[in-house]
Amino acid sequence: MGICTFTGLAMLKMLAGFLLLLFISDGISSEQGCSYQNVLNYLNLTRSNELFSMTRPVKNYNTPTHVSLEVLLYAILDVVEKEQKFIPYVWTVMRWNNEYISWDPNQFCGIDNVSIPTDILWKPDLTIEEMTEKDKAPPSPYLTISHEGDVEVQNDQVLVSTCMMHIYEFPFDIQSCSLSFKSVVHNAREIKLYASENSSEATELSRELMRTQYEWLFINMSVSTNYANKSADPDVVIFTINMKRRPIMYIVSFLLPVLFFLCLDLASFMISDSGGEKLSFKVTVLLAVTVLQLILEKILPSSSNIVPLIALYCIGVFALMMLSLLETILVMYLTGKDSQDNETDGDQSLESCNKDQAP
Amino acid sequence: MGICTFTGLAMLKMLAGFLLLLFISDGISSEQGCSYQNVLNYLNLTRSNELFSMTRPVKNYNTPTHVSLEVLLYAILDVVEKEQKFIPYVWTVMRWNNEYISWDPNQFCGIDNVSIPTDILWKPDLTIEEMTEKDKAPPSPYLTISHEGDVEVQNDQVLVSTCMMHIYEFPFDIQSCSLSFKSVVHNAREIKLYASENSSEATELSRELMRTQYEWLFINMSVSTNYANKSADPDVVIFTINMKRRPIMYIVSFLLPVLFFLCLDLASFMISDSGGEKLSFKVTVLLAVTVLQLILEKILPSSSNIVPLIALYCIGVFALMMLSLLETILVMYLTGKDSQDNETDGDQSLESCNKDQAP
Amino acid sequence: MGICTFTGLAMLKMLAGFLLLLFISDGISSEQGCSYQNVLNYLNLTRSNELFSMTRPVKNYNTPTHVSLEVLLYAILDVVEKEQKFIPYVWTVMRWNNEYISWDPNQFCGIDNVSIPTDILWKPDLTIEEMTEKDKAPPSPYLTISHEGDVEVQNDQVLVSTCMMHIYEFPFDIQSCSLSFKSVVHNAREIKLYASENSSEATELSRELMRTQYEWLFINMSVSTNYANKSADPDVVIFTINMKRRPIMYIVSFLLPVLFFLCLDLASFMISDSGGEKLSFKVTVLLAVTVLQLILEKILPSSSNIVPLIALYCIGVFALMMLSLLETILVMYLTGKDSQDNETDGDQSLESCNKDQAP
Amino acid sequence: MGICTFTGLAMLKMLAGFLLLLFISDGISSEQGCSYQNVLNYLNLTRSNELFSMTRPVKNYNTPTHVSLEVLLYAILDVVEKEQKFIPYVWTVMRWNNEYISWDPNQFCGIDNVSIPTDILWKPDLTIEEMTEKDKAPPSPYLTISHEGDVEVQNDQVLVSTCMMHIYEFPFDIQSCSLSFKSVVHNAREIKLYASENSSEATELSRELMRTQYEWLFINMSVSTNYANKSADPDVVIFTINMKRRPIMYIVSFLLPVLFFLCLDLASFMISDSGGEKLSFKVTVLLAVTVLQLILEKILPSSSNIVPLIALYCIGVFALMMLSLLETILVMYLTGKDSQDNETDGDQSLESCNKDQAP
Amino acid sequence: MGICTFTGLAMLKMLAGFLLLLFISDGISSEQGCSYQNVLNYLNLTRSNELFSMTRPVKNYNTPTHVSLEVLLYAILDVVEKEQKFIPYVWTVMRWNNEYISWDPNQFCGIDNVSIPTDILWKPDLTIEEMTEKDKAPPSPYLTISHEGDVEVQNDQVLVSTCMMHIYEFPFDIQSCSLSFKSVVHNAREIKLYASENSSEATELSRELMRTQYEWLFINMSVSTNYANKSADPDVVIFTINMKRRPIMYIVSFLLPVLFFLCLDLASFMISDSGGEKLSFKVTVLLAVTVLQLILEKILPSSSNIVPLIALYCIGVFALMMLSLLETILVMYLTGKDSQDNETDGDQSLESCNKDQAP
C-alpha cells in the first residue's frame, strides 16, 4: 500500500514534472547563457505571446510612452508641381520604452541588446499626415531591444506626400514641405512624442547624408513640436524641409528662347513694310512662342489662384508680339491707303505727263 | 487502501488543478490590474479567440449593430476629367458596439479604453460603391475599444473613385462627387448605418482640416442617408463633395491665346488682298489654333453626349477663321478676275496709247 | 480495494470528463442560443477546421457542386483601343452549396443565415479567361451561409481584361467584349456552372445599376453557357457586353477639322497660280493635316490587318491634297514655260517695237 | 489487488485510448469514405504538417524529382521596343511526383484525385530568367493531386519579360523572345526538368488557344531543353516564341507620308527659281519630315548599335531634301549673280538706249 | 502489491512513453534516414521553432556572423536621366553560417545539403542604400542549408535605385552607379560583411551572364568594401557598375538634324536679300531647331548645375541662327535705306531726266 501510495505519488510527481517540462520547454529553459535566444527565452518573447504585440507596453496604463523621433533626409527624389507631390527619401529612427522588456546583462555574458523581427512587438502608430501612398522602399525586417527595455526601429522610407507648392516665382522658387508625424489613436497622455534632434542637427546630419541633389538644392530642415492643447489630442512633430530649385535648365531651355524670340520680334520693326515678309516673319515668331508656352502648361499646375510670374512673362511677351503685329497690320493698311491715294495722284500726274507729251 | 484512495483522489485533484492552470494561464490570470493586458485577459481577447473576429458581435442575432460614420475631407488630390476619376484624401471614423466587450473600469484602476490591433476584431464590411481601387494610403494599425463595448476605427484613406463629371461649362464648372457607404452582405435589419455629423458640421470640419487646395476649391459637403425601403436592402450613407474649379490658368493659357488669334484673324482683313501675305498669315493663325485645340482634346474626355462650351468656342473660332479664309480666297479670285478683265482693257488702252504715239 | 477500484474508475471518469471538456470547449459549448457564434460552434466552423477550407465540400465525391453565377455591369471604366484592354466595373454574385453546413433555425432562435469571413470557407476557383491583372477593387471581407448550406459571395470587381477590338468603323464602332468564367482545376463533373440570370435580366439589371456612362453607351449584355463536351473539360459561362461609342468629340475634334482643311485645299484652286502664295498655302494646309493624323496614331492600335476607315479617310485626304499640290506645281511649271515662250515672243515684239521707234 | 491491477491496467488502457483518440481525431478518423476530406485525413495532409511543405518530397534524397512543364501562349499582350519588354499571357502546367502522397482509390469509393489549396504543398522553385516583374494575373488557388502522388499545378500568367529586340528591319521585323525556366536552388541531380510537349505540339495548341492577335502575328513556338553539363547546374527548358509584326499601320501612317513628302520635294524642282515660293515650299516640307521623324524616335529604342533601316530611310530622305534645298539655294545664287551681271549689261544697254533717245 | 507497484510503474512508464512519443513525434522521430525531412526532424527545424527565425544564429553573442556577398549583373534594364534612376537586373548570392544547423551526413545516407523555404530562417537584414522601390521580380522561395551550417540565399532582383548622373557629356557619357549593401541594425562587430568576388571576377562573370545590352554598354564592375571605423557602424560593400552609352541613335535623330539645319542657315546667306524669302526661310529653320530643342528637354533632367554640352550646342546653334537672322534684318534695313536714298537720288535724276526731257 505504501508502495502503492508511493507509486501514486511518484506518478503524480512525474506527471507534474512532465507538464512542468512542457511549460518550461517553451518558457525559461536555461536561465543563463550567452546566446540571444537565451534572452528571448528569459523574456518569454515569442511570436505567440500577445503581451508584446497587442497593447501599449506599460504596466500601469497611466504611464505615458515616450516616443523619440529622428528624421534625416537622404535625397529629394521628386517634386511634381503639377500634382503638388513631394517625394523625399528619408531615414527615420523611432525609440520608445517597453516595460515588459528588461534583463540583467551580467546574467547573459554581457548581452545588452538583441535584434528581433519587427512584427512581434507593439509599435507606436505614427502616421505622416501628408503621406498619400504606402512606403515604396522595402521596410527594415529587424528592430533592436536593449536590456533596459528601449526599443529602436530604423527605417528608410520613400514618402509620397502632398505639399502646397508656391509657384509664383517659378523657376526661382523656394519650396518648404512638411512631414507631420502624429499618433492616430493615442492622445498626448498616452504617447508623448518629441524629436530627438533640433533643427540645426537635423540640417547638418542630412547634409552629410545627402548623396544626390538633382533639381532641388537642400537648404535646411526645421524641426518643431506642437504639443497638444487638450490631452485628448495627440502631439505632432513637424519636420519642414526647405529647398531651392536650380533654375539653370529652365533658363536655358525656356526663358532664353522666349527672350530671343522677343528680340527677333522687336528687330522685325526694321523690316520694310512693303513686302509680305514682315507679317509672315512676325506670325511665325508668334507661333514659336505659342509652342513654347505649351511646354509651360505641362510643368505648372493649372490650379493656383495667383498667376505665376513666368506665365505672366510668357503671356506678356505673347501679347506684346500680338500688339506689334496688329500695329504692323494697321501701319501697312494706312500706308497702303496712302500709297493708293498717291497712286491715284500718280495716275493723275502720269495723265498730266501724258498730256504734256501729247502735244 | 485509504491512502490509495487518497492518492487517487489527490492525484485527481492535482491533475484537475494542472489542467485548470492550463485553462487559466491563457484565460483570466489576474482579475485586477492596471495594465491594458489585464483588460484583454479579462475579456479573453486574443488573436485566436474566434468569438471576436468571426461574426457580428451581438448576443441575440435580432439586435442590429448601429454603425456611425464620420467622413472629413483632407484634400482633393486629383480630378481627372478624361478618365472621370475623383481622388479625395479623406478621414473616416467608424464607431459601433461589440456586445462581447465590457469591463468595469473600477476593477482596472480606471482604464476606460484600450487600443488593440485592427485585425483581431470583427469590423462592418462598409464599402464605397464608387471606389475602383484599393486604398493607397497606409491603414491605421490600431483601433480603440471602450469599457462599454464601443469600438472606434479611424483611418485616412486615399479613395480612387469614379465620378460623373459635368464638363459642359469647363473650365468654369462646379463638380459634385459622391461617396456612398454601404454594407455588402448585411441588410438594414442587421446593420443600421447613420452619419454622425450633419452636412454643415462636415463642411465646417473639412474646411478646418483642408490643407492644400490646388485646382479645386472645396465648396461644401452634404451628408444624406438613404434608409432601406425593404429590410433586405442595406442602408446607404452618401457624402457628396461639391467643388469649384479655379479657371485662371486655363484662361491664361488657352482662352486668351485663342481670343488673341481670333483678333489677329479679324485684323488681317486690313491686309491688302494684292500680295500673297494675307493668305499665308491667315493660314498660319489657323494652324496655331489647331495646335491649341489639340491641347483641349488632352483635357476633355472624348465621351460626353453634349459638346462642352469650350469645344464649341474652339470649333466656332476655327470655323469663323476658315470662313474668313474662304471669303478672302473668293475675294482675291474675283478681284483677280476683275483685274484680269481690267488688264485686257488696259492692254487695249495701251494699244490705243501706242496707236496715239504711233503717228 | 473496491474503493481503489472505485477511485480508479472515478479518476478515469474525471479524466475522461476533463478531456471531454477540452473537446467540448472548442466544440459545441451550448446547444441552443441566439447568437451567431452559437451556430458556428454547432457547426464547429473555425479558422483551423480544415474540413471547411481544404476540399470541395461534398460528402460523396461524385456529387457535383452547382455554382450559380450572376454578373452585373456597374460601369465601363475604360476601353483602351491601343492596348486592346477593356476595364469594366462589375458586380459578381456566386452561390453554391456546402454539404457540411446545415442547422435547424428553430434551435437557434430562428437564425437562418450567418455572415463569416471569406477566407475560412472553400470557394470555387472561378477565373476569367480574359483577365490579365489582379482585381484592383478591395474585395468583400464576408460571405453569407444559410442554414441549408447555401453559400453566397458578393464582390465588386474592377476587371482588367483583354478584348479583341474591331476598329474598322472607328469612331462609329460597336464593341463586344466577353468575360468567360470557368474553373481551372475542376471539370464539369465536379463543378456544374450556370448563370442565374438570362440575357434580358442581366441587361435590365445592369441598366438600373449603371451610374456613369462616359464614352461608351451600354447596349446590352448577353449570357451564354458552354457546357463541356467532354466531362474532363470545365463548363464555361460567358458574359458578353455590347457597347457603342459616343463619337461626338471625335467628330468635333478630328473629323470636322480634317474636312475643313480639305475644303480649304479645294478652295485654294481659286487662288491665282501667278504668286507664290498658292503653293505656300497648300503646303501649310498639308502640314496641318499631318499633325492631325499623328493624333490618330495615338488612338488607334498599330496592329490591325484591316486599315480602319478613319485612317483611309485621313490618308485619302492627305493623298488628295498632295495630288492637288503636284497638279498645281505642274500647272505652274507649264504656265511658266508658256509665259517664257511668250516672253521670248514679247522680247521679239519689244525689239520690233524698238525698231519701230528707232527711225 | 487484482482489481487494483485491473483498475490500473484499465485506467492505463483508457488513458492510452484517449490519447490515441486525440491522435486519431486529427489523423485517420475513418478509414473508408467517399469524401475528399477522408483522403486528406488518410494522408494526414494538413496545413500544419510540415512534411508536405518544407522539403523536396522524396523518401530517398538521391531520387530526383521529375518536373514536366507545359507552356501555351494565350495572347501577346504587349511588345515595347523602346524598353525591350515582351509581355505574353501564357498558360503553364507543371507536373511532378510527391512520394508522400499515395492512396488506394478503391478504399475511397474510387476517388483518384483531389484538389487542394496551392500553398500547402512543396512546389519546384521554377523561375523564368527573363522575367522582371511579378506575375500580374491572379494565381490559381488550387492544385490537383492524384492517388499515385502526381501533383499538377495550372496557372495563367502575365509575364513581363526582357527580350533582345532586333529592330534593324522595323516595321517588317520578326522577333523571337525566349522564356527560360530553371530551378534556382536545385541542380540537375535533384530536379530533372523536361518539357511535356514538343515544338510542333506547342505551336499547334497555342494557335488554337490564341484569341486576340493585335500587332503581332504568332508564327510558332519552339521548345528546347538544355541539359546541365555539370550536375551542379540546373536543367533549363527554353520556350522561344517567334512572331511577326503587322506593318500596315506603320506603312499607312509613317512610310507613306514620308514618301509623299519626298515626291513633293522632287516635284518642287519644277517650281521656277525666280519667286521666293520654291525655298519656302521646300523648307516647309523639310519641317514636316522632321516632325514625322520625331514620331520614329518615340517607337525605336535609342540603343542599338546598328542604325535601323527605317531610321536610315528617314535620315536619307531628310539629307536628300536638304541637299536639294542647298542645290536650289546655290542655283538661285548663281542665277541671281548671272542676272545681276545681265542687269548691269541691261543698265548699260538702257544707258545706251537713253543715249539713243537723248539726242 | 508488487503487482500494484508494477502496475503503477508500468503505467508511469506508459504515460511517460506516450508523452515522450508526443515530444518525439514532432522532434526526432527516426535518427537515421535518407529523406530531407529526417534532417529537419533531427535539427528540430520547423516553422514554429523560433530559435531559427528570431535572432542572429550564434551560440555566443560575441561571435560575429560572416556574411559573404556576390552580385552579378544580368541586364541594365533602364537608365532614366530625367529622374536619376538606374534599374539593373542583378543576381545576388548571400552566404553565412547558422550555428544551430549541423548534422553528420553519414547519419543521413550522405545528405550534405537541404533546401527549405526562405522564411523560416533568420536572414541578415542587408539593404541597398540607393534602393528606392521594393524588388519587383518574384523572390526565390527556397534557400539551401549545408551540413556545416552554411546558409545560401540566391535571388534575382530588379533594383530601382537612385544614381547621380553626370550628363555633361551626353550622349557620349559614361555613368557609374553604385549599389551599397549594409546591415541596418547590426554593426560591424555583429555582422562582418565582405564580397566573395573581386572586381575583375565580378566583371568577367557579369559579362558572361549579360544577355541584352540595350542603350548601355557594360564596361566593368568594381567591388570595394568600406570597413567600419567605429565598431558601432556597419561594414558596407559597394558594387559600382560602369557603363557607356551607345550614342548612335541620338546622333542620327538629334545631332545630325540640328547640324543640317545649321548648314541650311549658313547656306541661306547666299539667298539674295531683296525678296522676302530669305527671312521666311531663316525663321522656319529656327522654328525647326526650337522643336528639336524641346525633345532635348524631355531627355535631360532640368536639374544639373552645369549646363550639359549638348544643351550648349543646341542653344549655341540657336543663338547663331538668331544672330544671323538679326544681321540679315539689319542688312536688309540698311540696304532698304540705301536704296531709298538711291531712289530719291533716282527720283532726282528722274526729275532731272524729266527736266532734260522737258525743254
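Read from first to last, the chains carry the letters A, B, C, D and E; within each, the first residue is number 1.
We adopt the following convention: a contact is a pair of C-beta atoms (placed from the backbone, for glycine too) under 8 Å apart; a residue touches a chain by one contact, two chains touch by 3 or more.
Small disclaimer: the values here were computed from a predicted structure and weren't measured.
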Per the touch definition, the chains contacting both subunit A and subunit E are none
Chains in contact with subunit C and also with subunit D, listed by label, are none
So, in whole Å, the Cα centroid of subunit A is separated from that of subunit B by 22
Here the gap between subunit B and subunit E, centre to centre from mean Cα coordinates and rounded to Å, is 35
The positions of subunit E in contact with two or more other chains are 1, 4, 7-8, 11, 15, 275-277, 280, 284, 287, 291
Among line, ring, star, complete and other, the chain contact graph is ring
The answer for subunit E against subunit D in the complex is residues 1, 3-4, 7-8, 10-11, 14-15, 18, 34-37, 40, 46-47, 75, 77-78, 89, 108-109, 111, 114-117, 120, 136-138, 140-144, 152, 154, 156, 158, 211-212, 214-216, 246, 248-250, 252-253, 256-257, 260, 263-264, 267-268, 270-272, 275-278, 280-281, 284-285, 287-288, 291-292, 295, 356
Listed in rising order, subunit C residues that touch subunit D in their complex are 1-2, 4-5, 7-9, 11-12, 15-16, 19, 50-51, 53-56, 58-62, 83-84, 123, 125, 127, 129-135, 162-164, 184-186, 275-277, 279-280, 283-284, 286-287, 290-291, 293-294, 296-297, 300-305, 307, 311, 315, 318-319, 322, 325-326, 329-330, 332-333, 336, 358
